[in-house]
Structures are given as structure tokens and as C-alpha cells.
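One chain, subunit A, links the two complexes that follow: it is found with subunit B in the first and with subunit C in the second.
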Partner chain A sequence: MQKRNYDRRIKITPDGKRTVVSFVLLVFFLIIMYLVQPSLMKPSRLITITNGQLCLLLGGIGQTLVLLAGGIDLSIGGVICLSNSIAALYMPDSIPGMILMSLLIAALGVGIGMFNGVIITRFHVQPFVVTFTVNYVLLGIALKLLPIDGGEPPARYVSGLLHNFGIFSLSMILVILILAGWVFMRRTRFVRNIYAVGCNAKASALNGIDVSKVKIMTFALSGGLAALAGLWRTAQLASGSPDAGDALTMPSITISVIGGTSMAGGMGGVVGTVVGAYILRLIQDLLTFLGAKSFWSTVFQGVFLVMTVGVCSVIDMKKGGKKNG
Partner chain B sequence: MDKKLFWKKNSTTISRYFIVAILFTLISILKPGFASGSHIKVLLAEAAIIGVAAIGQTLVIITGGIDMSIPWIFNGAAMAAFAFSNTFTGADFGLVIIGILTVGFLLGMINGICVTYLGIPSIVMTLGTNTILQGAVTGLTSGSIVGQAPNILKVLSTGSFFGISVAFLFWIVLAVIVLLLLRKTGYGRALYALGNNRTVAKFSGIHVKRVEAIAYGISGMSAALAGLMLLGKTGSAYLGMGNPFQFQSIAAVALGGVAMSGGSGSYLGTVAGAMTIAVLLSVLTALNLSQAMQQVLYGIILFAAVLIATIQNSKNRSSKL
Partner chain C sequence: MADFEMRHISKSFGNVHALEKANFSANRGDCMGLLGENGAGKSTLVKILCGVEKEDEGEVILFGKKMHRRTPREAMEEGVRVVHQELSLIPNGTVAENLFMTDRESIFGRKTLKSLTEKAAALFEKFDVTDLDANEYVSDIPLAKCQKIEILKALAFDFEILVLDEATSALTEKDVEWLFGLVRKLSKEGKIIIFISHRLQEINSICERITIFRNGTSVCEAKRDEMDTDQMVTLMLGRKMAGYYPERCDCMTEEVLLHVEDLRNNELNGISFDLHAGEILGVGGLSGQGQAALFEALYGAAPVGGKILIRGKEHKLHDTSAALKNGIALIPEDRGSQGLALPLSVKENITLASLSKIRKGPFLSATKENELVAEMIEKLQIKTDTPEVPVVTLSGGNQQKVVLAKQLLVGPDILLMYDITRGVDVGTKREMFNLMLDHCQEGKAILFFSTDTEELVHMCNSIYVMFEGKFKERLCGSAMTEENIIRVSVGEAAV
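Here is the complex of A and B:
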């Protein structure tokens, strides 16, 4: 059974069929949105939504890569909080300074991710245990740096990142670049290896893939992307918070799964995750428009996560049998 | 020979008690008053709540899963008891407690059924349940409720019996029950069997899914019970009171030497783990560190503990094979 899946996944484009479902969902919710509130369907709204979702989207892409290789990263929220706190406190007010600071923060994220990956692969610890504990420590450090919400990133940093070019915003251009980058990357050996490792780590190792290295790379990328997400969040909110970003870990899994990425690894892709981020926002907007109170939105987050993962898992079980009998 | 075998089999668990003892001795030398009778009583009462919350977590981790939904089942139970204490008193409140524990069990069963029958990864399912309950409890109580901690819970958490805290005695009774369940019943053996090798367990005629789902049910019930105990201790229920127990319940199990991959470990280890955490928490508070530094240190210590436990377990396993 394993072998058949393995062949199928490698031959057909990895995120082909599964991504289609997420596009269908997106169109479905767009139509509902149009019927309920046509005034919200205009280009400027797309800018608002993209600015708002880019942080989650970056975290979600990291999560997707880790999930594809068969892991899970619960430290995304912690990295976002830490990066957000550092950027809000220490971002200098000069362009070279800003670039240097951003690079340093991104490097810090990559370092944290690599640490996760090395511990997980070297000592064979479950990914969720390591990343969950690391998340706890990171939240502590963020709280130490920034005891209460605040900090003031320079105005130029905020306006620079939130700049609009006509009907395009910088965030939209970034999303397009990410998608283009992924389409290009998908054909590279590195990304193929991620899929192979997620499908069947043993077979990959026998085929000469350095499984540990691939896994460490996915965690490193996830950490780096989460740090970038924190940098974006700093601009978007124009302040820092030591704990608010922690709530992003769960939606990062949700958008990956709506986008067709399998929790078991080896299936899915980044395009779906991007679509998933927009779907999540559309549903939240619908709820707000229907006058739901904020706690309903919390309930919904959980219901939606469980529902999407449940539906995908049942479909996968019917298709190929469950991994562990 | 028998004696040797006993030591070999239980070396992990026994070493945990040594760690608690050494940690405790060291700190009481450094900090006079730490080892006073009254402080030990407080420590044990605190360990009892962590230990009770970790009962179900131990069972779930033995199956190879994890339960992240403990905090809000815990919180929901405490809030419910707090709110109902106005209208129900005396023997009627006993029914309320039974009702709350049943609801806890059922919520856990929902986790278990979705994990086993729908194939949702346990971490995602229980995280989802936790969030749903967070929203639901917040919404239903609209932030704060008026009530009082019922006397029976106060006695359970803060009372003492011949100088020993009732909470600790209660915990010992529960621990004995759990140990008997794990060691002497078919259910316990089935739990270890499926944690070790699901396929083999299935073909040995074990109803794998049912056994696994019930473990989550027990976890929901023990979380609710721990919530009631904390309500008795603090005297009031508030939103977020269960949050520390997500990390603590997992940490108690890990510190107790239970392998995170499932199939081994014992509740006796978790008991030692819960005591270690109570001691650590008390030290970190006594050091007058800020909340943030406490969290960092606590996280690092537990990270190291989990790592050491995993390395030890994988060594034991490879030497067994």
C-alpha cells in the first residue's frame, strides 16, 4: 500500500488534485461573500486582506513544509512572538539598519528551527514534544524582552512594508513572488526530497536521500519564515506583543490542511496553503458580518481545524487504508 | 535473580524518585524552611493536583498519543462546579460532581473517537477540542461568574487528616487504582500492547480502537477532577486557570520516564514527575524571578528532562531488542 502511494505521489504533480479542492472552496466562499455583502468585493479589500493574512500565510508555509516532510512545528507562534518583540523594540530608524536587523531576526528564526530539527533527528524525539517545549521557552524570552504589549517600530519601517503600488500592495507582490518561487522550486531536487521523505522516510534513506538533513532544512525554513512573519506583524500592527502571536500556531495547521496538505506527510503543497489563508479570512469575515461574538470565532477556529483534518483523513483512509492498520 | 530483575525493570521509575529526593535535599540545605512540615504539606497538595491532571495524560501517552485538551476541560469543570454551587448544596452537590466528571469523560471520549475512528492525529484533535472549549466556556460564562467554592472541595484540597493533607491521601488512593488498572487488568495490558505495536495488538484480538478511545475518556475525567481540586484550593474559578496544566501534565509524564512514543512507562513515574514539578515551581517562585524568567528556566529544565528521558528510553529499547 505504502509503495503504491509513493509511486503515485511522485508521478502526478504533488499538489495537483488536492489543491483543486481548496480553489473550489475559495470560489464557493467568494460567491457566498458576494451574495451576503457585495460591497466588500472590491480591489482595495484584497489589499486589506492580504496585509492582514500575510503573517499567518508565512507561518503556514513553514508549517506546510514541515508537514510535507512528516513533522509538525508547534513553535511557529513562539518564533513569531519573539521576532515581533525584538523588531518592535530594537528596529533602528535607518534603511541599512532595518535590513541588517531583519536579516539578523530571520537568521535567529532559522537558528531556532535548525535547533528543533537537529534535536528531533539526532535524538529521535517526537517533533511535537520538542517544538512544544521550545515554544514555551521562546514565549518566556519574548515576555522577558517585552513585558507588556508595546514597543514602537520606526514609522518608515511600517509605511515601507505597507506601501501600495497602485492597486497592488507590497504584500500582494510578495504573495505572487512566493507562488512563483514555489512553482519553480517544486521541480528542484530539494523539494522532491521533502515529498519523498514525507511519503516514506525509510525508502528515501535507502534511495540515498539524507533524511535527517531534509527534515532539519524544513524546520529551519519554518523557523525562518515564522521570523519573517513576526517582522511583517510588527509593521502591520506597528507594535509588539509578547504573546498574541502564539494563537497563530493552530491556524497555521488549519490553512495547510484546507490547502490539501496531509498531516501524514508527503502530500499537498504551498499553493493550497496560500489559498487556505484566504479561505480562513473569508470565513472569519462572514462570521463577523453575521454578528457573531468573538468567542464564537474561537469556537469556530477549533471546529474548522477538526473538521478539515477529519474530512481529509477520512478521504485518505478510504483511498489508501490507514498507515497503522 | 528476582531482585536483580526487579531493579532492572523499574530502574527508570526508581531513578525518578532519587532525583526528587536529591533535588529536595539540596534545596532544603540551601533554603532553610523549605523542608518544614507545613511546606512539605503544601508541596504535596500541589503535586496532587498536577498528578491527578496527569493520570489521563499518562494513559494517552502510553497509547502513543497526546492530550492537549486538558486545560479547558479542567477550566470548564471548575467553572461549572463554581456556578452550580449556588443552587445545589450538600448531597445534591455530589450529583453535580458526578455530572461534571461524566461530562469530562464524554468530552474525552469525543477526542478518543475522532482520533481512533476518523484517524485525526491526536495532537490536532485535542488542540481543536481545547480551542472549542475555550470559546464555549468563555462564551457561556461571559467572562466571570459568581459563586463559591463548595465545602466538600475545600476539604478535599486544603483539609488535613492526622497532619497529612487530604489532597495527597486522595491522590495516593487514585494512584493505587490507576496502578492496579495498568498492571492487573486486561485493559492495562491492552493499553501497553497497542502502544508498543498497534498491528500486533490488533491481530492479538485486542479491540484497539475502543481501548485507545477510553484512554482519552479517562483523560477528560481526570482533567475535570483536577479542575475541581484546584477550585477547592483557590476558592474561586476564573478563565485560564487550567492553562498551566497543559504543559505541566505532559512534563510530569515526561519527567516520570514515560516514553513519548508510547508503550512503556508507569503511573508511579508520573507521580515522581508531578512531585518534581511541584518542587521546581516552588523553588522558581522562591527565587523571586520574574514570570518570564520562571517560564524560560522551567521550559529549559523540562526540555532537558524530556530529552534525557527519550535518550534513556531508546537505549533501554535497543538493549532489549
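Here is the complex of A and C:
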């Protein structure tokens, strides 16, 4: 009998390598930032950035989950707008009222996501098409509720969410909770199934995984997280806007991809997306401080995105994923 | 030298040698029959001829001129036309558009639809076709007619060599007659026809010469009337080395684990059988006779009419999780597309279907998982550095073992094994056969389909041979021979 001799050393999984790429990029940009503007490298700046990026980050995490299962969610911007408008208009000025309202809005987001998921799986429509059109419906409803930017959420709501605990802000604590939560989630059957479905839906179905259910759940989570993003945005802006959040859909994909999540599904993860959100902000800030015109910012983001995707693809090829191609 | 020759052609796909120094030749005016078991290399030979695959070694010579570096288009321009086994029509195009699809001019739109229709009408007249309408959409046309269009598509241009790869499988009898008349006419005109069919009768009625392939090489080329059916069958089988099959165990009992009654869908034509505890029941026949549909139906992956009783209780298997819950697991044909999530780790793949076993509260227990995975890796001797590596980095045989490990971990009573040894090395095969026997000794059962008749004969208690969606014949005891499986597969009677 041959002795079993697998090596107990920890090896980095391909998924891990993708995340490592994003960490390397984060460090790279932090160093450049330090060289360009050392005065900005202080804790208070981290609070500002985290507060600013949390909305996108929540949407991006939802996007990541959907992408992992092999879908795409283009209604994130719409859900953020709707949630933002409702919160800005109707948020009551009492703590139980705020909690209840927030829960209702989150539930609405989950409902919208489930609707997306059900249409996609039940009627076999492309996720792109369904979420793209649902987004228009949501933007329309938001505009009906709140025709122009405005609304006034209670001051307690705004200050509560933007509260700082020493060098930590509530947003930073949330980010840490999200990362910790993901580590645990990664060990659940649900998340395992998301990866399996994204890698190979047919094989997953043949192994008794309810593929439709998994997909619907990812869309529901994405909708719920986007609604939370809208709630955060309401506090951050202390106001509502029926359409500004729409501009967040594409960046939600951007940060997922920078963070190593594959658009083809099954590869990547939430940790990378969190890192991606910070990288995106660093790039924008850097270009601002270097005095670049705003169009350079998008040009650079685009170039950078292509490069990241290329690196991840090379990693995939090295591990032999494209044998007969 | 013959007019057309393929010399010493070798072709491998990974570790699988599809062709090894195969020779093939034909002269003008020949209608050459090409015979062989599944996987003998016929289709690969055709693919090399028409430029879809590139040979690793060897040369193709047409009329004394060497053809090299061919693309499918260049092969067409050299005069090679192939009617493939699989249909390649565009459903939302008209018959006329499909017929002239490979015509460069029509691709770039310089031909109007009207001129195409006229050309099609001329073609129909030339080849005596009356039952097709050039302006009908292919999606509205039944399968039998589609195959006819496919044949006409090849005839629409000048050619020197016409390959008919199982081109009669969907044709009606009348159209088969039409095709045979055509083939005779074409060979009189000096064309080279290569005719591949799994129906020996057809080969007998049309081919003057035959070439027999076995294990990726040509073993015989002869005049058809110099050989009888028995000789052909013997040559197709050859004498293979036996010896690595385990001792058959006699653990079959009377207890019926699975009772199937009159299964029907569009590929199955009324299938009934009993599977007993401890039994390995073989399913044979050439590929595409409904075996895949049968296995999918039993695994709840395809809708089916009829009755399925598991341990005497009727079950409606609406989906695969219902099948798994009732103790039926499938080892699918194509591990890459149906069995594994290739980018995920060996560990994640092994536990893919049995995550509920390693749950501890809301989370999966890493310790429990590692234990189970290590156990399966040990039991199946899966060769991997760590259980964390992506399964795609493993060799074919080891990947197949991962699929097996995954399904065994579910603990099924009934294993459906669909051609599990394809592309697997001899050593791994032996290990798999031993596992199959272990499984049966535990009082469980296996339904075993294999394209390798030798495996069926050595492993099974009895064998059903499938033909056109039906169990054509049940072979058991001394009738369970490779000769008989092949005979029944090609539509002859068993002896």
C-alpha cells in the first residue's frame, strides 16, 4: 500500500491568489499615495474614505455574490435610489421607528432581488436583461416619490450612523463585521453552493443542488444589501436623490472585478471586493491630488481594470484551467 | 498508389490515443464502408480528413498531392465534403440559405434570397428531391428531413470525396433508398464515397469494399463479398488482453432494489427492468441509442413517463436531489461538464453533494470535512498533493476518482455508472472495478453502461443491449459475449 503523503503546508488556493493580487495593488497605491501626499495618511482619512465608500461597498458585495453564482445584477443602482428616496422622505424621528423603517426598506430590497431571481430562473431570461429593465422601473418609482433631490432625514439618524468611536467610525466597524461575517459564511453550505453553481451549474444540478434557489438567494441578498447601501447613503448625504445612486451600478462591478471576482462565476470573494472598494477610492484621490482632469480618472480606471483582469486570467491559465482550448 | 490515401495517421487527445498509425485508402468510384466499435477512431479519422482536427503524425494524399495544414474550408476547396453525424443546420435560416451556407458569396450577401431559392430548386431537380421546400425555415422541418438537407448541403458543391458519417441514422426508409441510389450514381461518376454506419445491413447492401478499424488503427481492408457478418464482427472486436478484471462475485440476491416499468420520453421507447441487490446490470449498445436518456431519467435529470419503484415504493423523481435522497447516484459521462466544478478544490468537489453530512449547526465542520475527504482519498487512492488543489490540475483518471468519491460519499444504494472508464488508464480501471464489486458485496446495486463491450461481459450479471430507445435483447449466462453485444447493437440477432 502506498503511503498517503500529502503535504500539510498551507498552499494558496487560486481564489486566494486572486485576492492576493488585490492586496498587492492596495499596498502599491498606498505607497504611491504616501509619496504624493504623506499628510493624508492618517486615521481620520480612513474614516472619511470608509464613510464615503461604504455605500458602494455594500452594493459591491451584493454584486460579488451574484457574480459568484454566475449572474449579474444591474439593478443595484435602482435599488439604492429607491431606498435612498424612501428613507429621505419617510424616515421617522424615533429610534424604534427608524429601526422599523430601515427593516422595511431592507425587506423591500430583498423582495426586488427575489423578483429578479425568480424571473431569471423561472422564465430563463438573461440576468442582464431582467435586472437592466427592473432598474428602469425602480428609477421611475424613485422619481415619482421624490421628483427632485431633497427630503430631510432626521438629524438623529444622520448623526447616529456617522458616529465615531475614537479612531473607529461605525462604518469601519461595519466593514470589519462584514469581513468577519464572510469568513464564517464561507463555511456554510449556502456559500459553497454559490461557488459550485458559478463554476458549473449543470454539474451542481446533477449533484442535487437546487440551482434556481441558490441563484434567487444571491439576487435577494444583492437587493437587500443595495437597500442597506441606500440607507447609508441617506445618512451620508443627509438628503435623498432619485437618480444619483444609479451611477453606482458599474462601480459595483468594477470593485468586484478588481477584487478578483470572475465575471464568469465561481471565482473570487467578498474580501477582494472590500479591498477593491478602497483601491478604487485611492485611484480617484491620487488622480485628484495630481491635478488630473476628471476624464483621466475614468481612463485610468478603465486601463487599470483591464490590467487586473489580465493578471487574474494569467493565474487561471497557469493552473491549467484551459486545457483543451 | 491509391487515388486517396491517409497514411500512418496518429492522433492523441491528452492521454487517449484516438488513432495510432492508422491507414486508409480508396480509389475513384469506390464506395468504401468504414466499420468499427465505438471509440475505434472512425470519427477522428473523418475529422482529420475534413480539417476539424489536425493529425499529430501522418499524411493525407489526394490524387498524388499531399494535403497539409488544412482548415475545414481548405479541405472543402480540395473537394472533401462530409455529412457529419451531428446536424449542423441553422434553425432560423431557410432551407436554401442552409444549403449554400458554405458558399462564400452568399455569406457576404451578394446573392439574393431569390437566386438562392433558384439554385436550391435546381439542386432538388438534379438529385430528384421532391419533398423539400427551399423557402421553408429549418426550425419547422422534422428531423428526418433535416438529415436529408444535411446530405444535400454536401452535394451542393463539386467534390471528390463524400463522407457519410452515420448519415442514415435519422432517415426514413424511403430516403435511405434515395441515398443509396445517389451513392451508386456518384460512384459511377468516379467520386470516392466513404460510408460509415452502425447498420451492417446497409454496409452490405451498398459498399463494395470495407475497412475495419479497431482501437485506433485499421485492421483489415477487404472486398465486402469476401467476408461474412461473423468475420466482420470478430474483426471489429479483436482479441483483447483480459486479466485485469476482478473475480466476479456471486452476491446477487432476490431482493429487488429498483423496479422500472415502461419508461418513455422522446428518446426512450418503453423500458422495463428489475435491478436486484448485489447485481451489476449492464447496459450495452452503440452510443446514441437512448442510454444517456435512460440514465438521466433514473437520476431525475430528465422528465419521463412510466413507473420507478425503489425498494417496492413508487417514486416520482422530479429532480436530482430527490434521486439522491432515495439512494440513487449518477457517475456521469463527461466529468468535466457534468461531474465536477473544475476550478474548485478536490475537497470541495468530494463533499459537493453531501454537505448536509458535515454540517454542525449553521456551519460546515472543517474537521469533519477533512476527515471524510481524507478517508475517501485513501479509499480510492486519489493522487493529489493536498485536498486543497483545484481538481482541474489532476489527471483524467484521478478526476474520475474524485467524481466517484463524491457519489460514494452520498452513500447510494443504486449507482448509475455511465461510461465511467472512458479515457481512464488501465490501473485506475482495475481499481474502479474492485470498488464496484465492493459496492455490490454490501448489498447494493449498479446499473453499468459502457461503450467497452469487454468490460460489460466481465463485470455484469446480465446485459441489456439498447437499440433505438429500447432494450432489444437481454443477454445472460453463456450468451453474454462480446460478439452477441455487437451483433445485437448492429441490428442482428444474438447467437
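The working rule: the second predicted complex is superposed on the first by the 278 of 325 C-alpha atoms of A that agree within 3 Å, B and C clash if a C-alpha of one lies under 4 Å from a C-alpha of the other, contacts with A are read in each partner's own complex, and residues count from 1 in each chain.
Keep in mind that, in the parts below, a contact is a pair of C-beta atoms (placed from the backbone, for glycine too) under 8 Å apart; a residue touches a chain by one contact, two chains touch by 3 or more.
Keep in mind that this is a model prediction, so the values were computed, not measured.
In the superposition on chain A, A:Phe184 makes contact with subunit C only, while subunit B stays out of contact range. Legend: residue contacts after superposition of the two complexes on their common chain; A:Leu231 is shown touching neither subunit B nor subunit C. Judged by the touch definition given at the top, the superposed model places A:Arg192 against subunit C, while subunit B stays out of reach. In the superposition on chain A, contact of A:Phe123 is made with subunit B only, not with subunit C.
Judged by the number of subunit A residues each one touches, B leads among subunit B and subunit C.
By the touch criterion defined above, A:Ser204 reaches subunit C but does not reach subunit B.
Of the two partner chains, subunit B is the only one that A:Val299 touches; subunit C does not reach it. Residues common to the contacts of subunit A with subunit B and with subunit C across the two structures: 316, 324. Those residues of subunit A lying in contact with subunit B across their complex are 72, 119, 123-126, 128-130, 132-134, 136-137, 139-141, 143-144, 147, 242, 250, 253, 263, 293, 295-303, 305-306, 309-310, 313-314, 316-317, 322, 324-325. For subunit A in complex with subunit C, the residues that touch the partner chain are 2, 4, 6-9, 11, 13-14, 184, 187-189, 192-193, 195-196, 199-200, 202-210, 266-267, 316, 319-321, 323-324.
Remark: subunit B residues 66, 114, 118-121, 123-125, 127-136, 138-139, 198-199, 202, 247, 250, 254, 260-261, 290-300, 302-303, 306-307, 310-311, 314 touch subunit A in the complex.
Here subunit C touches subunit A in the complex through residues 13-14, 299, 301, 319-321, 323-325, 330, 332, 337-345, 348, 352-353, 355-356, 359, 362-364, 366, 374, 377-378, 381, 384-390, 392-393, 406, going by the rule given at the top.
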